[in-house]
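Only one structure is covered here, and it is reproduced in the block below.
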Amino acid sequence: MTDLAIILLALFGVWTGWRVFRVDSMVRASFALMLSFIATAGIGLLLSAPYIGVATVFMMAVEMLVMAIFMVMFMMNPAGLNPMSMVHQHRLSIGAGVVAFAGLGAAVLLSDLPDSPVAPGTDVVAQLGFELLGPSMLIFETAGVTLLATMLGAVILSSRQGRFGMADHGSRPPGLEPGGAPAGRRPEKGGGHGHGHGGHGGHGDGGHGRASDDHGGEHRGHMSDGDHEGHAGYSPDGAMGAPGPEHGATHRTPAKSEHGGEHRTAHGPGHAPQDQKAADAPQEDAAPNADPHAHHRKGTGHDGDDT
Amino acid sequence: MTLIIVLLAASALFGIGLYGALSQQSFVMLMMGLELMLNGALLAIIGFWSRGLGGMPEGQLLAIIVMAVMAIEMAIGFALVVALYRKRQADVTEAIGTLKR
Amino acid sequence: MDALLIIAAWTGLAALAAWGMQRQAGATAPLAAPFLGGGTPDTHAWQRYHFRPYTMALVFIAFEMEMMFMYPWAVVFVREGAKALAEMGMFLGILSVGLLYGWREGIFRWQ
Amino acid sequence: MSWLRTLAAGAAAPIYPSIGAGMLAEVEQLFASAPGLRRAASPRDAALLLVAGDIPAEARPALDRLHDQLPHPRRTLAWKAGEPSTQISARLNEAWRDLAHGAPSEPDRLPDEPPNPWRGIGPHGQGGKGMMGGTPRGRPMAMTGADIRDGLELDRYTARVGPFAPMLPPGLTLELTLQGDVIVEAHVLSLPFPQPEEADLPALCAARMLRLLGLEGAADRMTRGHAPRAAWIRGAVPAGLGAWPGAGDARDRLDAWLSGRQEGGAPRDPARALPGLEWHEATLLLASFAPGTLRRALAEAQDLQEIPA
Amino acid sequence: MSVLLAAGVLVALALGIWLGAWFDRLAPALEGGRAAGPMAPLRDWAALLIRDQAETEAPDRMNRLLAPAWYLALAAIGLSVVPVAEGLALWHSPVGIVVWGSCEALIVITVFLHGWSPNAPFPLIGAYRYAAIGLPVMLPSMFVLIAAALPAESLSLIAIVDSQRDSWNLVRQPLGLPLFLVVGLTLTLRGPLDFAGGVDIAGGTSAEESGAGLFLWQVARLATLVAFSALAAAVFLGGPLGPLLPGPVWLALKTALVMALTVLAGRLIARTTPSRMLHVLWVWLLPLSFAHLAVSGMVAL
């Protein structure tokens, strides 16, 4: 009876796995993969591995939601309104797949597999626990450090907003003494981090950005002393966390581009203050670090936008 | 008999994952193929742990480590996709062929 | 085995109920138009939607994986005694460093 | 299924109000106090379309679009300024009982044509070309563009959020370009309808903000004139949101309303403060000004733009 | 035997849904509004059922029809893990709290699908906002459940209920229930964590729902309220344990209590912007649940 269920689940898993590359809608593709994982988890439940099975459902449900969000974010034709066909070297990959299946299948069928089933009724979760805390403690801690490295890597690679300002603005660490010139190598003029076709380009010259420069300087000064103990300006009530936006859009008409920056002030001290480089559009964004005494500075936003 | 069914299913999943990883142009679909291959590997581990290894705890630990590999591969993979898209709006493998030239 | 039967039963029952009760009458074009308070959209709502907390989602996957390690630890915690507490303290300490770093880099909000 | 209909007749009448000039306060009072009426969050959940006050000519097409979005059976009722709320409430209940007992529904006001013809066009007959082109199933697909907050150039979704949106002041039509749920561009297409002084009462303004903060019960209490029973009201409004020199920020204005005072400060061109805000923040910002103040500020900003700067 | 138990769980779910709907309509009485009679929920549901269900322009039709079904099925699975009497549950899973965790993850996916499939702006914003908040809420939920599993030395809910024979987890681990209530408010789309709904996006994921679809979604949302309350009662209030009355009656009473608590919390606490709630979740609630786990660990030793 369980063999029949395992066969059904295996077929379901393989069918949904195949559907992943056949459907047009990316959301359906990632949730088809999740169904394939759920089939694997079902087989795990049947093979008396309850923890592994349910943990697979749990972990894969989360991952497939994140995968669906990222697929919709970065792929053309996200919802499959037009048929989706983004394949290359099609014949080669079909061959590779079939060869892999045939090879592994042959290996399975030809070799004599060991036959010592798990004793029914053993507390497998406790065994795993003792294993984690006993002989494999090193693996357990290494996995912890690896996950930490993953978190740091993910933040460094994908986050644009950093402590020292925007990642694609050639953000640079604060000066050695408060208010001093920023330390570290100054990226070359119009450096490689300019955007592709529509981006706001590298550094705008200091000319019309002076309002933001003096703000910037003041920020940096404030930032450096506030830097060593994390967020000095962080008010405990978890104030509004949205950062002051950095207006980089180039093709905005001048009439609209002068932005009432003052509404963006005091936006939650939780964010790192803007190390503002004035983009070529004469944007000026007065977003002083929003520590509790920021209210009195709201007025400064006005005097700067005479450009 | 059960182990053979499970291992055949695992190799089928691995085959489909390999097909997907090789045939898809977009990074994200390519990672779907990798996840499917890891799914096949996970299924094989569960099968061996339950029928072949007599429930050795290391088997379950290996299954957890494979799930950790899936999580890490996905997190760093998407971080790279974000970094690349921010720099170059590239979302298909053809767009980053600069090393070839 | 009965677990799978229960899950299959509940899911099947709910799917049948939903499929049976809902019969989508063919909507005319003005009825089908998306609701924007009387306004009109230019394009489909389906788009490459800019999910603002994307870095938080990636850090969350790594954090979620730690939970998978902690479940078995919880089962043997009492029997292992103080050693388990120390070990889990170290494990959580390592991971809260990641949390602190994320907080300082300001990823836990709309980017 | 007649027992289902008799059961349904006893339910509260689901109404979607499209509020015209001069009737904002009456409609809010009506829903807060009249029994047997339920304000539907969207027209899909409503059976009766209550057209309150007079709708100017340029908002008529929007009203027709809104009317056609109610599912069948549906009916429209007009509520002119002179009619007392007890009478309109009785008419609404009576209309709902008719509909529940199977009265005929109202046909569409607009012709039944898709926004762009798509049936049978293109290689697969869904009106699209290649991966991103054409108008699959009647509408084009959004295209990428620069983002003002986060360097990822993803799709920009442009739409006109209409005069009868539940979260905006009645009459205000905004052409918004969104990246995700952050507003990237905002233009005012039509000003909010003029409302009487009564709509600017601190209690009603605070009730509108409380409703946006998810506190239905507290908003109804405020509209009926009692103090709200809720927690973390002040903390939920982000600090520094919509801060104008001399007008404080949204929190200060809400505090003033909750304590009965009407804040004097007027914003300078609020529409230009919207880009960069997330959707919920933008709705809170617009609701943090009394309707009269907001209308004057938007009108003043619009005149400014007509005169070449 | 288990078929009888399954029927019992189904009946209990139906009664719980009706009770939850009645609590929703009783809550305005606390704020000076009108208290609705017990028949009010049935009338509102009948009002929904007699109306047509409108289709949107280019929806993902299958997912749109089935999203309420998954939501309902997950609530039923979550409820079948809860021990009805001492040592008796429909699903004797040795990893009960991990099953509930995967139900939570799948519920977040279901709400995302419910917002994604109509292809309309407001539901889409609701879906993405909810995904952003639904993901981090799973962390405090797991910490709290793991803390409850420490004295029980097992992940099974039956063992957790047995470990509360002398003192309930509410007493031993006071922070557990409030943190778990935050999770409950998220799963049942209520109050301060209802980011898939709300007037600011005209009803959120159900802005385009009408007729039978809206009815099923509301019923599923109430079913999740019942499942969540039953689990919270089992983990923190000793579930079927209690003097005099038989087990299931105790569980029903405690579940009704937690349901009332959740409905009240949903109506009385304001909902802030998703960006700030994300900040609160990660920077306030997560370290709090760290501390809760550490304290519970020391207490359990």
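Here the chain labels run A, B, C, D and E in written order, and each chain numbers its own residues starting at 1.
Here is the rule we use: contacts are C-beta pairs under 8 Å (C-beta built on N, C-alpha and C of every residue); 3 or more make two chains touch, one makes a residue touch a chain.
All figures in this text were calculated on a predicted structure; none of them were measured in a lab.
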Key: Given subunit A and subunit B, the chains that contact each of them   = C, D
Ask   = How short can a chain-to-chain path be from subunit B to subunit C, counted in steps between touching chains?
value = 1
Task = Select the chain at the greatest separation from subunit D, using centres from the mean of Cα atoms.
result = B
Task = Please indicate the chain closest to the centre of the assembly, with centres calculated from CA atoms only.
result = C
Query = Measuring between mean CA coordinates, which chain is farthest from subunit E?
reply = B
Task = Give the chain pair, either B-D or C-D, that is connected by more C-beta contacts.
result = C-D
Key: Cα-centroid distance, subunit A relative to subunit C, in whole angstrom   = 15
Request  = Find the geometric centre of each of subunit A and subunit D from their Cα atoms only, then give the gap between the two centres in Å, rounded to an integer.
outcome  = 34
Key: Distance from subunit E to subunit D - Cα centre to Cα centre, in angstrom   = 30
Note = Multi-chain contacts in subunit E, i.e. residues touching at least two other chains, fall at 52-54, 57-58, 93, 95, 98, 101, 119, 121-122, 128, 131, 135, 138, 154-155, 202, 207-208, 211, 273-276, 278-279, 283
Query = In subunit A, what residues contact two or more other chains?
reply = 2, 51, 55, 58-59, 62-63, 66, 69-70, 73-76, 79, 81, 86, 125-126, 128, 130-132, 143, 147, 150-151, 154, 158, 160-161, 167-168, 239-243, 268, 270
Ask   = Of all residues in subunit C, which are in touch with two or more distinct other chains?
value = 3, 25, 29, 31, 33, 35-37, 41, 44-52, 54-55, 57-65, 68-69, 71, 74-77, 102-103, 108-111
Message = Applying that definition of touch, give me each pair of chains that meets it.
response = A-B, A-C, A-D, A-E, B-C, B-D, C-D, C-E, D-E
Remark   = The residues of subunit A that touch subunit C in their complex are 1-2, 5, 42, 45-46, 51, 55, 58-59, 62-63, 66, 69-70, 72-75, 78-79, 81, 125-126, 128-133, 137, 140-141, 143-145, 147-148, 150-152, 154-155, 158-163, 230-231, 241-243, 268, 270-272
Request  = Going by the contact rule at the top, pick out the subunit A residues touching subunit E in the complex.
outcome  = 25, 27-28, 31, 34, 50-51, 54-55, 57-58, 61-62, 64-66, 68-69, 79, 81, 123, 125-126, 238-242, 268, 270
Ask   = Quick one: in the complex, what on subunit C touches subunit B?
value = 54-55, 58-59, 61-62, 64-65, 68-69
Remark   = Per the touch rule above, subunit A residues touching subunit D in the complex are 73, 76-77, 81-84, 86, 160-161, 166-168, 195, 198-200, 235, 237, 239-243, 245-251, 255-256, 259-260, 262-268, 290, 294-295, 298-299, 301-302
Request  = Could you please specify the touching residues of subunit C with respect to subunit E in the complex?
outcome  = 2-3, 6-7, 9-11, 13-15, 17-19, 21-27, 29, 31-37, 41, 44-46, 49, 51-53, 56-57, 60, 63-64, 67, 70-71, 74-79, 81-82, 85, 88-89, 92, 96, 99, 102-103, 108-110
